[in-house]
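Chain lettering (A, B, C and D) follows the sequence in which the chains are written, and residue indices restart at 1 in each chain.
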Amino acid sequence: MFSGRCDLALDADPARRLLPWLVAMIVYLAGLSLAGMMSLGAAVERWDTGLKGTVTVQVPPGAARASGGAMEKLLPILRKTQGVIAARALGKAETAALLEPWLGKEALGADLPLPRLIDVTVGTDPGPDLKALAAALSAAVPGTMVDDHRKSLDRLIAFVRSVELVAMAIVILVALAAVVTVLFITRTGLAIHREGIELLHLMGAFDGYVAWQFQGQALALGLKGGAIGSVLTVVTVAALSYMAGAVGAGLLPRLDLGLTQWLVLAGVPLGVTAIAMITTHVTVLHALKRLP
Amino acid sequence: MFSGRCDLALDADPARRLLPWLVAMIVYLAGLSLAGMMSLGAAVERWDTGLKGTVTVQVPPGAARASGGAMEKLLPILRKTQGVIAARALGKAETAALLEPWLGKEALGADLPLPRLIDVTVGTDPGPDLKALAAALSAAVPGTMVDDHRKSLDRLIAFVRSVELVAMAIVILVALAAVVTVLFITRTGLAIHREGIELLHLMGAFDGYVAWQFQGQALALGLKGGAIGSVLTVVTVAALSYMAGAVGAGLLPRLDLGLTQWLVLAGVPLGVTAIAMITTHVTVLHALKRLP
Amino acid sequence: MVRFQNVGMRYGLGSEVLQDINFELPLGSFHFLSGASGAGKSSLLKLIYLAHRPSHGLITLFGCDVTIAKRRELALIRRRIGVVFQDFRLLGHLSVIENVALPLKIKGENWDRISAYAAELLAWVGLQDCIDASPLTLSGGQQQRVAIARAVISKPEILLADEPTGNVDDAIALRLLYLFEELNRHGTTVLIATHNENLMDRFDHPRLHLAGGELSGPFGGSSRPAETL
Amino acid sequence: MVRFQNVGMRYGLGSEVLQDINFELPLGSFHFLSGASGAGKSSLLKLIYLAHRPSHGLITLFGCDVTIAKRRELALIRRRIGVVFQDFRLLGHLSVIENVALPLKIKGENWDRISAYAAELLAWVGLQDCIDASPLTLSGGQQQRVAIARAVISKPEILLADEPTGNVDDAIALRLLYLFEELNRHGTTVLIATHNENLMDRFDHPRLHLAGGELSGPFGGSSRPAETL
C-alpha cells in the first residue's frame, strides 16, 4: 500500500514526465560534443606524431639533373647527422603516388618531371638540428629543401585546437545546464512540497529521510534520461562514423573512438546522474536546515 | 500597489531566477549550431558556385612543348564551343601563383617546367558538353585535360553536408528542448498555482486574464534568457571568426556571416520567446478548459 | 434568484451526494444551511457558485439556465456571487488588502477606487492592523475574516458562506453575521452553511437542512416553497 | 512534561506575540487553551511542538531544554508529540489511511502492524467508508477528523489540538473530545486550543486563557502553578 518511501509524491506531478527527456537532451548534447572533441583530438594526435618522426628532403627536378647523383651526395650527409635514424630515397613510383592527390593522375602519366624525395626518419629526443641540416644539404646539392611538414599543418592544428576548445566549452556549458536544471527541479519540488516537507519535519522525520525522497527521484530521473540520451548519442556517433568512413575523406577527422573514449562517453549519463544526486542532496539539506 | 496583472506571483518562486539562464543556454546552443551550419553552408555554396562557372584546361608541360603553339590551337576551339563564355590563357606568373600552395615557393623558383593553363568561364544553363569538349581539345593537342574541379570536391562537400545535417538536427533538438522546457515550466506553474488559478476562475476571471499572467511571464523569461544567450552567441561567433581569420586556413570554412545570417541568428531568441509564449498559451488554456 | 429543480450531483463516478434537490432562494432572502459533516452542504454551494456541474436537473441563476450558458456568461454570473470558502483560499503572495480587492480587480476596476473601500471593510472585521501583511502570517480566525471581506467587497447579489465562523470566537461570529444582515438589508441574497447551532438560534432566519442527500426546510423564506412552482 | 519559564516569542522582527509566559503542564493533565482570535494560541502550540523557537526564556519538554538540544534529539522529541493543526495539513496525494499512518511510518514501523490500528481509529471518528479516498475529496469536517486520527495514532505523550472541532457539528465534537479524554486516561497530556465556549462548558477541565500576549489560568491542573517552581 505504501509505495516505497515516497511520502511526497514527487513523481505524481504531470510535469515530471517531461523531465527525463530534458535530461536525455542534456546527455545527448554533452555526449556529441565530447565525441566530436575526442575524435578531433585523436586526429590531431595522429597528425602530430605521424609528422614528428619524419622529415622529407626534396630535390627539385632541375637541381637533380644539374648535379648528377644528388642522392649519392645527400644520403651520406643525412646518415652522419646526429638524430637521424634512417634516410631512404624514394623511387619514382612512390614519389608519383605521393604527388598524385595534388597533381592528378593524368598529369603524372604525362612527362612531368618529378622531384626526387628522401624520406628521413628522425629521433625526437633530441632531434636533429634541422636548420644546420638544411644548410649542409643545400651546400651539397643547390636547391635541396628540407620539409618538416610542420609549417603547413601547424595552422590547421591551431584551428582544430580552437574548435576543440569550443567543444570543451560546450561540454562544460552543458554540464552547467545539467546543474541548473537539477537545481531548478529540486527547488521547484521544494516549493511545491514545502508544506509536506514541513509536515514530515514536524512529525519527527530525520533530515535524511526527507532528503532521500528527493534524491531517489533525482537518481531515477538521471538514470532514465541518461539511458535515453546515451542511446541517442551512440546511434548518432556510429552513424557519423559510418558516413565519414563511407566518404573516406582522409583530410577530415574520422569519428573513430577507442575503448577509453567510449568509456568516457558512457560516463556522461553517470556524471549527469551524480550531478543530479549531489545537487539535490545539497539543496534539500540546505532547505531543511532552515526549519528549527 | 498592484504590481501589473500578476495575481499569481509566478516570479516570486525562487527557482524562477534560474530559468533565464536555462533559456540563455538553449539560445546559445541553438545559435552556435545555426552559425556553424550557416557558415558551412556558405563555404559549400562558395566552392560550388566558384566552381560551377569555371573549367580549367590544363596542357602538361611536355605536351605544350611537343605541339608548338598549343594555346593558339585550343583557344579557338574553346571559343567556338557552345556554352563557353570566355577562355583566357594564364601567364606563367599566374600559373605559378596557383600552384604555389601545392609545390612550394622554392620549387617554383627553380626550373620546374609548368603546365599551361586556360581559365574557361562557362555558362551554367545550358553548360557546355564537357566530355565532347575534352575529346575535341585532346584531339587538337594530345595530353590536354579538362578539369571541372568537381570530382575532388564532391566528396568533401558530401561530408560537409552531412555535418550540416547534424548541426540542423541539433538546432531542431534544441528547439524541441526549448518547447519541453517551457512546457515543463508552464505545467509546474500550473501545478503550483492550481489553487490560485481555480480561485481566479471562480471569481469570474476570463480565461484570457489568467492565461496572460503565465504568458507575460514566458515573454519576460524568453526575452531575458534570449538576450543573455544572444550576447554569448555573438561573442563566441565573433571570436571564432577572428581566430579562423588569424589562422587564415583557406581550406577551412570561415565563420563569416552575411547580414541575412546575422538576422537569422537574431531570430533565435525571438523564436524561443515565441515558442515559449505559444506553448504557454496552449497549455494554460487547455488546463482552464477543464474547469467548468 | 437561485432555483434548483430536481438537481442531483455526484463527484466523478461516485454515488450521488445530492439527490433530487428542489428549492428556490428568492431575491433578498437569508437562509442558514445545516446538516451533519459530509451531508453535502459544501457540494450544494459549489453548484450555486458554478464550481461543479449537476449530474441532472435544472439550475437557474439570475433567470439564466446555467447548463446552456456560454463560458463567458458563466464568468459574468460568477462575478455577481460572493463566496466565503470553507478553506479560505487566500493567495499567500499577495497582501491582505490585495486579496480583498481581487474580485474588483478582476472586474477591471481602478485600484484607487478600490483601496479605500477595502481598508474600510478590513477595519470592520477588525483587521485594520494587518492590511499589508501576507495572509500566511495571520491566525486562523484572521484569515477567515479576510476571506469574508473578500467575499463581500464587490457587493455581490448572492453571498454564499461556508462555515464562516468556525475559527472565530462568538463575539466576532456575531459581528460577522451582523455584516451579512447588513448586506442582506441592501438586497443581497444570503446563504450560510454552518454547524453552529448556537449562532443559528440567535438569528431568526429560516434553516435548510441537508440529510441523506435530500434537502428539507421552509423553502424560500418569505416566499412559496419550490415544490409548488 | 511541558514547562515554560519567562518565554517570549515573536515572528521575524515583529513585536512580541507572547510575552513572559510561565506555566507547566504536568504528566497526564488536560487543559483547554482559550483566547480571542489572534491572541496567540496557535503560536503557543507552535512553541511546544517545536515549529518555532522562543525569542527568550526556557522551554523544557520531557525534562529536556529544547534550546540546547541537538537536531536529532529534537526530531525524537517531536515523535512523542501529536498535533492536530488548525489547517489540517493533510497530504493530498496519499490516501486517508496513509495519511493517518504517516507518524508510524516515519518511526520506521511495519505497515502490517500499522494498518489494522489505523482502520480502527478511522472507524472511531466515523470515516470507515473513506479509508482509501484522497483527503482532497473529503468534506471539511471529514478532513478535520482525519487530522485528529493522525495526531493520536502514535499514542503520543503530549497531544496538542488547535481548534479541532471548528468544522464538525456538536455531536461529533463531543465524540472527539471523548477520544481525547480516553487518551488522557491512558496517560497522555492534552492541551486543546478552542473558541467553542459551549464545548468547554461541558467538560470540567482547567482553562488557560491568553490575552495581550500573557497567559492566565489555573496552571498545572492538579499540580502547583509554574510561578512557584
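The working rule: contacts are C-beta pairs under 8 Å (C-beta built on N, C-alpha and C of every residue); 3 or more make two chains touch, one makes a residue touch a chain.
Just so you know, these numbers come straight off a predicted model, no measurement behind them.
Asker: By that same contact rule, can you tell me which chains touch chain C and chain D alike?
Answerer: Touching chain C as well as chain D, we find no chain at all.
Asker: For chain C, which other chain has the most distant CA centre?
Answerer: Measuring from the centre of chain C, the most distant chain centre belongs to A.
Asker: From the mean C-alpha coordinate of chain A to that of chain C, what's the distance rounded to whole Å?
Answerer: Using C-alpha averages as centres, the distance is 68 Å.
Asker: Take the average of all CA coordinates in chain B, do the same for chain C, and state the distance between these two points in whole angstrom.
Answerer: Those two chain centres are 63 Å apart.
Asker: Chains as vertices, touching pairs as edges: which of line, ring, star, complete or other describes this one?
Answerer: Graph shape here is a ring: one loop, exactly two partners per chain.
Asker: According to the definition of touch, which chains form touching pairs?
Answerer: A-B, A-D, B-C, C-D
Asker: Which bits of chain D are touching chain A when the two form their complex?
Answerer: 49-53, 71-72, 74-79, 83, 89, 91, 93-95, 97-98, 101-103, 105-107, 111, 115
Asker: Which residues of chain B touch chain C in their complex?
Answerer: Those residues of chain B that touch chain C are 1-2, 7-9, 12, 195-196, 198-207, 209, 292.
Asker: In the complex of these two chains, what residues of chain D are touching chain C?
Answerer: 11, 36-38, 41-42, 86-87, 137-142, 145, 162-163, 166-172, 195, 197-198
Asker: For the complex, give me every residue of chain B touching chain A.
Answerer: Residues 13-15, 18-19, 21-22, 25, 28-29, 32, 58, 60-63, 102-104, 106-107, 110-113, 115, 143, 145, 147, 155-156, 158-159, 162, 166, 169-170, 173-174, 176-177, 180-181, 183-184, 187-188, 191-192, 236, 240, 243-244, 247-249, 251-252.
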